[in-house]
Structure formats: structure tokens, C-alpha cells
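Two complexes come next, and they have one chain in common, chain A, joined by chain B in the first and chain C in the second.
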Partner chain A sequence: MKERSCSSAVLIILAALWSVSAQADWALNMTEGVTEVSRSIYSLHMQIFWICVVIAIAVFSVMFWSIIHHRKSVGAKAEQFHENTTVELIWTIVPVLILVAMAVPATTTLIEMYDTSDSDVDIQVTGYQWKWQYQYLGEDLSFFSNLSTNPDEINNKVEKNKNYLLEVDEPLVVPIGKKIRFLVTSNDVIHSWWVPAFAVKRDAIPGFINESWTRIDEVGTYRGQCAELCGKDHGFMPIVVQAVTDEDYALWLTEKKASIAAEVAAAARVWSLEELMVRGEQVYQKNCAACHQVGGQGISPMFPALKASAIATQAEQRDAHIKIVLEGRAGTAMQAYGAQLSAVELAAVITYERNAWGNDTGDIITPQSIQSMLKSK
Partner chain B sequence: MTSAVDHHHGPATGMTRWLFTTNHKDIGSMYLIFSLLMFFIGGSMALIIRMELVEPGLQVVQPEFFNQMTTMHGLIMVFGAVMPAFVGLANWMVPLMIGAPDMALPRLNNFSFWLLPFAFFMLLSTLVMDGGAPDFGWTFYAPLSTTYAPPSVTFFIFAIHLAGVSSILGAINVIVTIMNMRAPSMSYMKMPLFVWTWLITAFLLVAVMPVLAGTVTMMLTDIHFGTSFFDAGGGGDPVLFQHLFWFFGHPEVYIMILPAFGIISQIVPTFSRKPLFGYASMVYATSSIALLSFTVWAHHMFTVGIPLVGELFFMYATMLISVPTGVKVFNWVATMFRGSMTFETPMLFAIAFIVLFTIGGFSGLMLAISPADFQYHDTYFVVAHFHYVLVPGAVFSIMAAAYYWMPKWTGNMYDEYLGKCHFWCSFVGLNLTFFPMHFVGLAGMPRRIPDYSIQFADFNLVSSLGGFLFGFSQLIFVLVVVKCVKGGKKAEAVVWEGAEGLEWQVPSPAPYHTFETPPEVK
Partner chain C sequence: MNIWKVFKAVFSAFIGVQSEKNRLEDFQANSPIPFILVGILMVLIFIFSLVYLVNFMVYLM
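Our next item is the complex of A and B:
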């Protein structure tokens, strides 16, 4: 009886393992990546790994041989030696030599990684709680990149797709074969920008600009994640990089700039409450819901509620509400969105906050009023 | 002569015995029991973490609580479980091993213990505060732990202060005891290695705990008094925090492993029935590790953007540490070679320590290679590495020590069958838990995330199953301890056939007062 429950437990575990295996793989090792640096790092990793394996086999063989042969139960008599200068010297000097042999290629690779000179493309990467901003220096192009995974997948209401948690709304697009320099910094806490396929990992630190670089060999989509604990949604700020050919890159730059110009032009027309609410909800989900929650109830006391709050319902607080969204609140997680979102998005999201969840003020914030407030600042 | 009569009294009765005791054995026991309690509290938090990570998606807890669990698990295990356990072992064993009647500063000893329950009560109370417990990782990097921290961070700072004061006082006591109270003719180079490693550890504690205290005080003034030590917006420097933290943090790692080296160096010769190979080189290796530990802190910071020359210096210095560490492992193996071994529970834990700690050492050497660290840093590979040196390292050595000296403490033999069950379940459980973490780390899974992409699902499930096996196996240890305290086969003075040292000259259980006249040392 006991045996049967035991074996059925094993079966359940195996079945559980099998069911997840269906969608996952049993990857064991580091990726070789798609850059020269990532391949050098991979080969360093394998070298040091095999050195460790060889030493481990030598040491543990002696140990297990002793355990098997020098046990009291097989009649082993203990010897009483307790030092041997020659042996001790050997096992001090040989490891030093191995380390020197290892330090040489490691130093060469490190010097290569630190050489950020002569870049073709410069991109400033700024970490925010919990998204990335990419600014193409000299191109007058800047945008934010947010997680695009459906919250229902995270909350197990629908099936997870194969890029679960590794997908964004606006990927970083870069050309292949060009030396790309990343200038990495942060707007709030420390983040770390990591794409394993490039072996680029740089901490994004407020007040500092760190440099790193890569030259990608192959066209493709490469995925990474924030690697430094940065608060609640640290696990939900992925990085997606699309490496494309030179021509595709030039095409993309033109299209991207055009779509940003269209967004700016949209601020001039008249928006109805319904239109603003629809757009506002999208903007809110992407930028605000992580802290203030989908239902506007917040998480006390770190992230205040907006639903039924004084600031989002009282008429005399209207300007204060707009000001906080535009300028942020120092010393808290509330960022200055004036520089992050377009006038239309700002108008829409503030309108949404003043009318959703029963706040029902009927207020319409126009993109024009946002523009004039931004100008007067 | 009332003093002569007083001198031979037994313990007081009731609660006052434990509140007011100055006896090193009572205080040692209290430290050990406290540490076991914290081990279970910190362990339960680890199981909550493993429950959430069984499969992708959020099932059990929300991200904000997950971060509180990882933070509190780390803090409690480091400051509440491992460090007090070693202090407890030092309290019990150092006087017995050097032939001293007690610790040199008995009242201070009582004070340093009783600070701990208050420190950890304060730390645990943050769990029920508005905004929750600290959620910024046990390394509490600013500005996440200052500008962006929950209000409970102030209680965390004071808890660290209290635990730090306790550690410093405990360390001073160990230093004074070892330097002044050794039996006549026990020269430094005749001291048992457990005493040696603890002496060096105590110096490390006195050197770095004040740095930690200073760091958290700077956080305190940043949060409440308008300074900007770590706030770039006010002209401060968030990286300064990391330098200060790791200047404490790296020696702290050795604080948690040097006493373990001492324990293993006591146990392996006993069960090999052969003297320790290379006693002198063990002493020198331990000292070099301690000195080097002050010169490697920035290897925790390879990706923060320190200059190339700094990066190279810290890489070379870190690689160098593997030499004295290797010497220790070679010495233990040479001690076992041509011995006459038996495999009671303490020896099983000691052998597992040597094998698994060495694996943790190898991954440490890999992490030292700075270019490769750009891929390993802040992934599960690091989590695997430090759990391999801390669980089968520090924790297994503490378990080994408990089994080794329990008959001396209680006067009864523990249940060998249950001890071996405890060992094998722990051994299988921990390898299932932590070995797959190497794989997911190399494949690219960052640490400290409550949810992960689907390619990491298989190994995380294995880790979680292993975690539960390891966690629940520790209940066997409680059973062993309770049974052993209650009764069992009477232990002799020399509990183990090959055991050498002064602690085996006193009867089992060790009387309340021992070595009132100094013993002879061969």
C-alpha cells in the first residue's frame, strides 16, 4: 500500500514535469551569442569550466578512492603522517600557474569590451521603473519600450505565448555589422540592461552614464531582461532588440519619425470625451496601472489611490492633478510624464483618471491645454 | 568562604537561569536554539519563494510580497541563522577547547545574546507594517532602499544596528578569551583549528561590522535628515553605497565560512583516526583568505562601470583567493588518505561539505573571470553559487558540528539512524534545489524575479520540489535534537574513537563548570 502511494507520487511528479516540458526546453548552457565579444566570453566560460572539471575529477577521485579503500570496516590502519613540504608546494604553485594561464585571455577580452571608441551608432538607454527609454543620439528620435504581455497571461487566465514576459510594444531597432555604443543611465533606481546574445550587461545608475558597445553579426530578434532588482516590477521590464540590415534600418528610422510627427499633429484637432477615454485607458494600462492598479485603488501607502481621491475628483484640484502627472513627485516612484508621453497621451490619461472608476467629473482635458502648460513651465 | 561555595553552584532555576546567565554553555545553547528558530523562519520564506516559482505566471503571491520574502529570507539566514549558530558553537566549544573556565567577558556575553531576539523581533514586525517589510534585497542597494523604500526601512536599519552590536561584542569576547585564557603551554600553534578560524573570524567581524553600521546610518540620514550620501540628485553617489556594502559584504562571506573550515578540520581527522594534514598551512591559508577578503569586494560590482584597471585588479585578486582555499581542500583530502575511516553522521556532513563546497568554489572561480561575469552577474548562476557555499558549506558544517558535539552537550548519543536519514534527505534535497539553478542562470534567468519566461519552467519545478524536500527534512533534525536531549544511550567522555582535544577530557555531559583549574596540554 505504502509502496503504491509512493510510486503514484512519482508518477504525478513525472507527469507534471512532462506537461511543462511540452512548451519549455532543458537549456543547460550559456548562449554563444551573435557578436565577437559574446563568443570570446563563451569560450572563456568553457575553458574555465573544463579546468574546474579536470581539477574536480582529480581531487574527488583521490577522495573517493580513500573513502572506499581506507575505511575501518575493510581493516584499514591509519598512518600518522601529517605534512609533506614538497606536495604542499606543488599544490600551491600549480594552481597559481593555471590561474595565470586563465588571466591572460580574460584580460584581452576585457580590454576589448572596454573599448567603446569609434562607434557608428550611439543610443542612450535610460531605465525607468519599469520600462526602458531609447534615444538615438543625433537622430532626434526617442521612445519608450514597455512590456506588452497580456496581464491575463500573467494571471493564468489564458495560455502563455512563447515569448511570455520577453515581448515589448516598441523594440529597439539597430543595424547589423555596425559598432553600436550604448550610453546607459537611469531616471530613478538602479537597473541593468542585459541582452545575453550580445553579452552586454551594464548597470543603469542614476547620475552616472555607463558605456558599452556591440557589433551584431546576424539579423534577428534578441531578447533580454533587466538584471538588477529595481522594485516591484523588476521581473516585468524586458528588452527586445531587432537587428536589421542597413537598408531596413534607414527605412525604419524614416517611418518611426513620421509616426511621431503624426502624433504631434494630432494634438491640434478636437478630441471628444469618448475618444480621450479610449486612448486614456490604453495609456493608463501601460504607464500607470503597475502602481495605481487597474481599478485605480493603488497599493497603500506606497502608491496612492486615484479612485474617489480628492486630486482626481475635485474641480479645484484639476491643475494640481495635471501638474503631478507632468512633473512627477520628487522622492517617490511618481515620474515626470511631461517628457515621456505626447500631449495627446497626457490629455487622454488625465481625462481617463478623472472620469473612470466612478470618478465621473465630466472633465475634458484637451491636448492644447497640456501643450500650453508644458510651454509655460 | 562563600565564594568557594558559590563557585560550585549549579544553574539557577526557572526563567532567571536563561535571562541572567553568564555561563558560556547556557549562552551557547541559547544562541543555537535561537539560530535554529531563525533557520525555520527564514526557511519558510524560502519555501514561499519556491512555491511562487513552481511554474510561470503569478499564483501564490504578488511581486511586492515576493520581494519582501527574498529580502527577509536573506537577512534572516545571514544575520539570524548562520552567524548566531557559529557564535553559539564558539561559546560552547572555545572555552572547552582551550581549557578555560568560561568566556572572558561573561556579562557582555549575556548582553550580546539578548540583543538578538529584540533585533529580529523588530525586523520580523515589519511584515505587518503598512507598506510591508523591506523589499529591496538583502544587499539593499540605494536608492531603492532609501528614496524608494517602504516606511519600514527605518526599523530594518535599527534591527541591523542591534544585530551588528551583538556581533561586535561577541567577536570582542572571542578575541579576549582566546588571547588571555588559553591553558598554560597551549601556544597559538597548538590551538585546535576551530579556535584558530574563530579568532580570525572575530577580527574580520570587528573590522567590518562598523562599516555596515556606518552605511545604514548614512541611509538613515538620507531618509530622515536631508543628506544625500547616496542620492545623485543631491550630489551623492549610489555606487558609493555598493562599495561600502561590499567592503563589509565580502569579508562577511568569509565570516560565514571560516568557522566552517575550522569545524571540518576537527571532524575529518577524528573520523579518519589520523592527524590533520598540514596544520600550519591551514592556519596560514585561513589568514591569507582573511587578508585577501579585504581586497576583492568590487568583484560583486563588475557591471557597475568601474574603470578597466580596477576591474583587472579585482579580477586578479579574486582569482588568487582560490589558491589558499584549494590548499584547504587538498589538506582535508590528504587527511582522509591512508586513514581508517568510519562514516557517522558528522563525517557524512563533513564529506558532503568538502565535495559541495568545492563545487561552490569552482563556480566562484568562474564568477571571478570578469568578462564571463558580465553574463553570470545577477542571474540564477550566482544564486546557485552562493547557495552552494552557504547551504552545504556553512549550514552543513553547523549540522556536522551539532552532531559531533551533541553527545558532549547532552550526555546522550543522538539517534544515528535518524541522523543519517536527515543527512541523506538534506543531501538529495539541496542538490535538486540548487544544481538546476546553474542551468537556468546560464540560460539567462535573472535572479529576484517572481515570474519567468516559459523556457525556464522545467528546472524551476525541479528546484521547487527539491526545496520542499530539503525544507521538510530539517524537521528530522529537530526530532533528533529533542530525542537526544530527552535521553538515549549514555555518552562517554571521549565520544568518538579518534577524537583528540581538551573538550573530550571533561565528562559527558560537560558539567556546568569546567576547567576551574587549567588542564595539562601535551
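Our next item is the complex of A and C:
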């Protein structure tokens, strides 16, 4: 009687679990993804999961059966023997066979994952504190991808949107159905480039290039994150990949290159203080505010204030100011922006720093002067 | 002590299954040196067969 109620309780629990899982999307599982590799990883995961379930049920059934049927209260006597080589061999060989059976498909997938040969598109991915740079090799195209989430959402002033902290200004755009090779590296600390839908996660290590690849089946927007703790804004350097058709990709390439060319051309014209301030504020929010803060007050003692600072207000420090923005400071979080921003952006952001937050120097830094400083280096 | 028995003893140690009778017999040996040498040899064989297996798999794919 007792035994019956016990096993029926177990049955009820199992049935409950089953009906919940039958109601589908618990969203506890990993994603199946949109590539052949991601799907084979998913199916490996499920196969091995079910093997584990079967083993667990078998082992625990035998164990509980033994405990219950050979209990002391019904007069069971412990067997006193030392060894049983046959049984020991069986419990050694059977797991080995199971492991080998799992290793065969796992190895096949792993070899597939590491085979970066014969790629159609090569993209170098570089991690920065805290953004990603994408360089299309052989295309003369390179840009940075920054978090674009509204700071008010981050500071709980307004409702968070559904892609909160998973949105960027310039997504990586790639064609579907093509083998895309990623060469992943870092400019400063270790990051990790991770897009679950492609089952791609590669560490970005300064001085090393790690390779990975994907071939995306479906048009869509896929999101990921930095997966290696990399400092203050580790959670604020997401990855957004837009997979598009071949034609759209070609179109995007042309447009993107044209807009970069337009940016270069814009350096030649005359910019007014107002124009530079508007542009400079955008550049500052995107590239500098993470450390020096929106109000320019910095975070003492890590990130110096620019508001009312000597370097951003004194006339004789003007060149030093331009220099540190262009060249950064080795060994600190201050990067060399000369290699990251266009001449217009650099001129705008430095002008902005010298005039915002009551710095009011009235200085105009022209894109031409930035260009000549970059050249003279 | 014949060499076949040494191999058997080392192999048993590798997989972790040995009968008490054989174990006692092994410990009758005069010197541990053959066991150590065979042990090192078999470790090398194990490592190189893994290396070979991996290379072979990569070659197959």
C-alpha cells in the first residue's frame, strides 16, 4: 500500500513535468540557431541530454530498487565479497562505449566548426573597451559598432525597449548563404565575440587572431554580447548582425563606402562652431561619455573630468588636448581616437569638449588642422 | 615473471580493474623496474595513438 502511493506520487510529478514541457516554449533551452553548425550543436546537446536521462533513470531505478528490496527491516543480509572482475569490466567498458558513441558526432561537428577554409567573406572583428570594430578584408571598409541604447533607459528614467542593451548604431551586415570567416582579436583586454544564433563564440585576445566562421540560412537580425568580462561596460558592447540577401549586401557595401567617402570629403569644407558642436555632442555621447560621463565630470579617480579641466580650457593646452585624443595614452583606458574617428568627428568632439559644460573657450578645431596633425605623425 | 604478465598488470592499472589474486601475484616480483618501464611505454603508446587518431580524423574529413 505504502509503496503504491509512493510510486503514484512519482508518476504524478513526472506527468506534471511532461505536460509542462509539452506546452512547449519554456525558453530554458539553448537556441537552435540559424546555421547548420548551430543546429548540429543543438541536436548533439539534445542527444546527449537524453542519453544522460536514460542513464540516470536506469542507475537510480536499480539503486532505489536495491535499497528498498534489500532493506534490513525485511531481513536482508549484506553479501560479504571483495571483488567481481566481470562486473567491474562491464561497468568500465559500457561507459567507454557510450562515450565513444557520443564522441563520434561531437568530433564531426567540432572539426566542421574549426574548418575556416574556403571562405567567401572575411571580416576582422576587434574588441575594444567597449565596442566592436568590423573590418571587411579586401573591401577597404572598416567601422565601429557602438551601443545605441538611450541612456535614459539605462538610468531607469524611461521604459526599456525589448532590445535593451542589445542594439547598436552600426550593425555588422553580412550576406546569407555565404561562408563568412571571422578573425577575432582585441585592441586592449580579452573580450569574446558571441552570437548564439550562429553558435559562434570566440575569445578576442590582444596579439592573437582566433578564427571562426558561419553560414547563415535566413535573413534576419541576430544579437549577441561580449562574453568575457572586460571591465566597466562589459555589458554595454552588444553585437548586432544583419543577415541580408546577396543583392542587399552589395547595395549596402556601395552605400556604406559612399557614406565613408562623403565623410572624408566633408573634412575639406568649412564648419561653423554650431555645426561642430551638434556633431561633437553626438560623437561625445557615443564614444566618450562611457568614461568621461555625459556632463564631462568624469568618474574620479579613474576617468578625469573634462569639464573645467585645464586641458580643455587653457589656450596653451590646446595642442596637448588634440594630441591625447588622437594618440590616446598608452597603458590607460584612453584610446587613440585618431585611428577610430574621422577627421570631422575628431574636430567636432574636441571643439565640443572645449565649449560644452561651461568650458566656453570659443575655440574651433577644424577638420583640416586634425588632418595635418594626423599626417605629421 | 614473464613480460606478458607485466603488460597485463599495467593494462589493468590503466583501466582500474584488477583481481586481488593477480595483484598479489604481481607484488611477488623481485623488482618494480619492468612495471615502470612498461608503464612509461604504454603511456607513450596511448598518447601517440590519440595523436594519430586525431590526425586521421582530420584527414578523413
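In this section, the second predicted complex is superposed on the first by the 315 of 377 C-alpha atoms of A that agree within 3 Å, B and C clash if a C-alpha of one lies under 4 Å from a C-alpha of the other, contacts with A are read in each partner's own complex, and residues count from 1 in each chain.
Keep in mind that, in the parts below, a contact is a pair of C-beta atoms (placed from the backbone, for glycine too) under 8 Å apart; a residue touches a chain by one contact, two chains touch by 3 or more.
The model shown is predicted, which means the values in this text are computed figures rather than measured ones.
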| item | value |
| --- | --- |
| Touched partner set for A:Ile111, first chain B, second chain C, both or neither | both |
| Residue contacts on chain A - larger count, chain B or chain C | B |
| Chain B versus chain C as contact partner of A:Arg215, first or second or both or neither | neither |
| Which of chain B and chain C A:Arg39 touches, first, second, both or neither | neither |
| Partner chain in contact with A:Glu79 - chain B first, chain C second, else both or neither | first |
| Chain B versus chain C as contact partner of A:Lys179, first or second or both or neither | neither |
| First, second, both or neither for A:Glu88, with chain B first and chain C second | both |
| Contacts of A:Ser66 with chain B and chain C, given as first, second, both or neither | first |
| Touching both chain C and chain B, counted on chain A across the two superposed complexes | 82-83, 88, 92, 107, 111 |
| Chain A residues touching chain C - in the complex, by the definition given at the top | 82-83, 85, 88-89, 92, 107-108, 111-112, 115 |
| List of chain A residues in touch with chain B within their complex | 13, 16-17, 20-21, 23-31, 37, 40-41, 44-45, 48-49, 52, 55-56, 59-60, 62-63, 66-67, 70-73, 76-84, 87-88, 91-92, 95-96, 99, 102-103, 106-107, 109-111, 113-114, 129, 153-156, 160, 162-166, 188-190, 192, 194, 196, 199-203, 205-208, 210-211, 224-236, 299-302, 330-333 |
| Chain A partner contacts - residues on chain B that touch it in the complex | 55-59, 63-64, 67, 130-131, 135-137, 141, 143-144, 147-148, 150-151, 232-233, 236-239, 272-281, 303-305, 308, 311-312, 315-316, 319-320, 322-323, 326-327, 329-330, 333-343, 351, 354-355, 358-359, 362, 365-366, 369-372, 374-375, 377-379, 439-440, 442-444, 446-459, 461-462, 465, 498 |
| Residues on chain C engaged by chain A in the complex (per definition of touch) | 15-20, 57-58, 61 |
